[in-house]
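Given below, in the form of structure tokens, are the structures.
What follows is chain A paired twice: with chain B in the first complex and chain C in the second.
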Partner chain A sequence: MNTRETDRLKMLLQTALPPTRDADPERDPVPSRDLWPEIRLRIAGDAPSPSHAIPWFDWVLAGGVAVVAVAFPAAVPLFLYYL
Partner chain B sequence: MTTHPYLRAFLAGSFVPTLILPLILTGFIVLRLVLQVPFPFERGIVFPMALVPLLWSLWNMLWLCSSRRTHLPISVHGALLPLLLMPAGALLATSMHILSLGARGVTWFGSVYVPYAWIVPVFLAALAVYYLMWKYVVGFLNRTLGIA
Partner chain C sequence: MKAVAGSTGMAGEAALEQQIVLEFRGGDSAAFESLFRRYQRDVFRWILRIVRDHAIAEDLTIETFFRIHRACERFDATREFAPWARRIATRAALDWMRAQRPEHGMPDDFFAAVPSPSAADPVVSGEVRHHVAAALALLPPKLRIAAVLALIEERPQKEIADALGITVAAVKLRVFRATRKLRSHLEQQGITP
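Presenting the complex of A and B:
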């Protein structure tokens, strides 16, 4: 790659990627404060805790299965037969 | 990891039944070889040890193939499998004389009596077990293997 090609490539890159300091401050305003702590708080607030990770419906189903297993213990080998 | 998605679906589907196999084999050895129970359990052992893992694998491959069109959750898809497995297992067990039909109930392995009245709650419990297994185990494996 000679000097001419290098200059042309440099010009193309500068055209495609204008420097950020030339950006319109009204269209792309720089935040006046650090937003990262708020993002971390939001992520922590949205993350489900382990007790809420499983929906209540699934707890009901698991409880029903346990009740059936206790009420009909002879059915447990049948479960294993079909697993 | 974008290659062979159906192979990964096959492996993920066979995971749960493969974990159950040692339990079944242990039960078989204890009952038949240690306690000398005079009943040919080996006739029916082919269903849980060979056909069930295969059907789980094929069912997971079917979900992978159809989920983009049907948008059916894997939990519901898995809960539909007993509708196929139960009659197939009962038919096979009856033909191999593992399951005998009586007037008020069925007898498994010549010793486990299950009245017909139990079939509905047991079947619903089986649907629930399959729903949970497919949602939390097979679904997790599919996500881990990059096919869900």
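Presenting the complex of A and C:
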């Protein structure tokens, strides 16, 4: 496709779908609402709370290991050996 | 004297922005809001150029700033914020396009969303405009973005390349491929550009 054909296609595209730069400057597109509160909500929803940062079963597992370590101290070297 | 004052003002502005960007990188939410207030219009307009729908552009602006917030630590503070934000915005728009089915690739008010109605050529019939929009919607998202920004919006190739994270040569190739496909789609509809 040569430059002339590309230019013709470009002209057709622009007449059918006018570019934004041709828009009336007084109708400069801006968001119709303040987006900041929604962004804050989105960020707050994404941030994991400390209690949810680590899954509950990890806490159970850690607790179980701690109980075993206290109840059977002799098992600790064996446990570490198999880690 | 005015020029000196102007350049001093610009330097001060640049220093202030640099400071805000550094605080943003450190996770400061006030700095992030400040950046949002400064750049939301640019980001919104950039996305609107691509998707041509106010409501979708607003949603994608929120998505873009959400992604910016998540990626704050990856931002290179020695570089400008605006091109980085534009690249993330382009990526968000691209993801949105990919999630659409091809026949719904363009919003219903694609023609009226951005330009003033008088800007459209009255000689071009509504049917032709519909076919042109449909042909554009059939393009793969990567080619469509390149075509809209290069052929309709006439943005500089370097700017498009930066926004898409590709080279200028790759932009040229995408525009070439988009042009070829558009021409083929339009010819199938009996429209010879």
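Some notes on this structure:
Quick note on the criterion: the second predicted complex is superposed on the first by the 53 of 83 C-alpha atoms of A that agree within 3 Å, B and C clash if a C-alpha of one lies under 4 Å from a C-alpha of the other, contacts with A are read in each partner's own complex, and residues count from 1 in each chain.
The criterion applied here is as follows: contacts are C-beta pairs under 8 Å (C-beta built on N, C-alpha and C of every residue); 3 or more make two chains touch, one makes a residue touch a chain.
What you are looking at is a predicted structure, and each value in this text was computed from that prediction instead of being measured.
Using the contact criterion defined above for the overlaid structures, shared-chain residue A:Trp56 touches neither chain B nor chain C, since it reaches no partner.
Of the two partner chains placed by superposition, only chain B is touched by A:Phe79; chain C is not.
Counting the residues of chain A that each partner touches, chain B and chain C differ, and the larger count belongs to C.
With both structures placed on the common chain, the touch criterion links A:Ile43 to chain C but leaves chain B unconnected. In the superposed model, A:Ala69 lies in contact with chain B only, and not with chain C.
Within the complex, the chain B residues that touch chain A are 16-17, 20, 23-24, 27, 44, 47-48, 52, 82, 85-86, 89, 93, 108-109, 112-114, 118, 121-122, 124-126, 128-129, 131-132, 135-136. Of all residues in chain A, those touching chain C in their complex are 1, 5-6, 8-10, 12-24, 27, 29-33, 35-36, 38-39, 42-43, 46.
Of all the residues in chain C, the ones that touch chain A in their complex are 33, 36-37, 40-41, 44-45, 48-49, 52, 54, 57-58, 61-62, 65-66, 69-70, 110-111, 114-116, 119-121, 123-124, 128-129, 132-133, 136, 147, 151-154, 176, 179-180, 182-183, 186, 191, 193. Against chain B, the residues of chain A that register as touching in their complex are 58, 61-62, 64-65, 68-69, 71-72, 74-75, 77-83.
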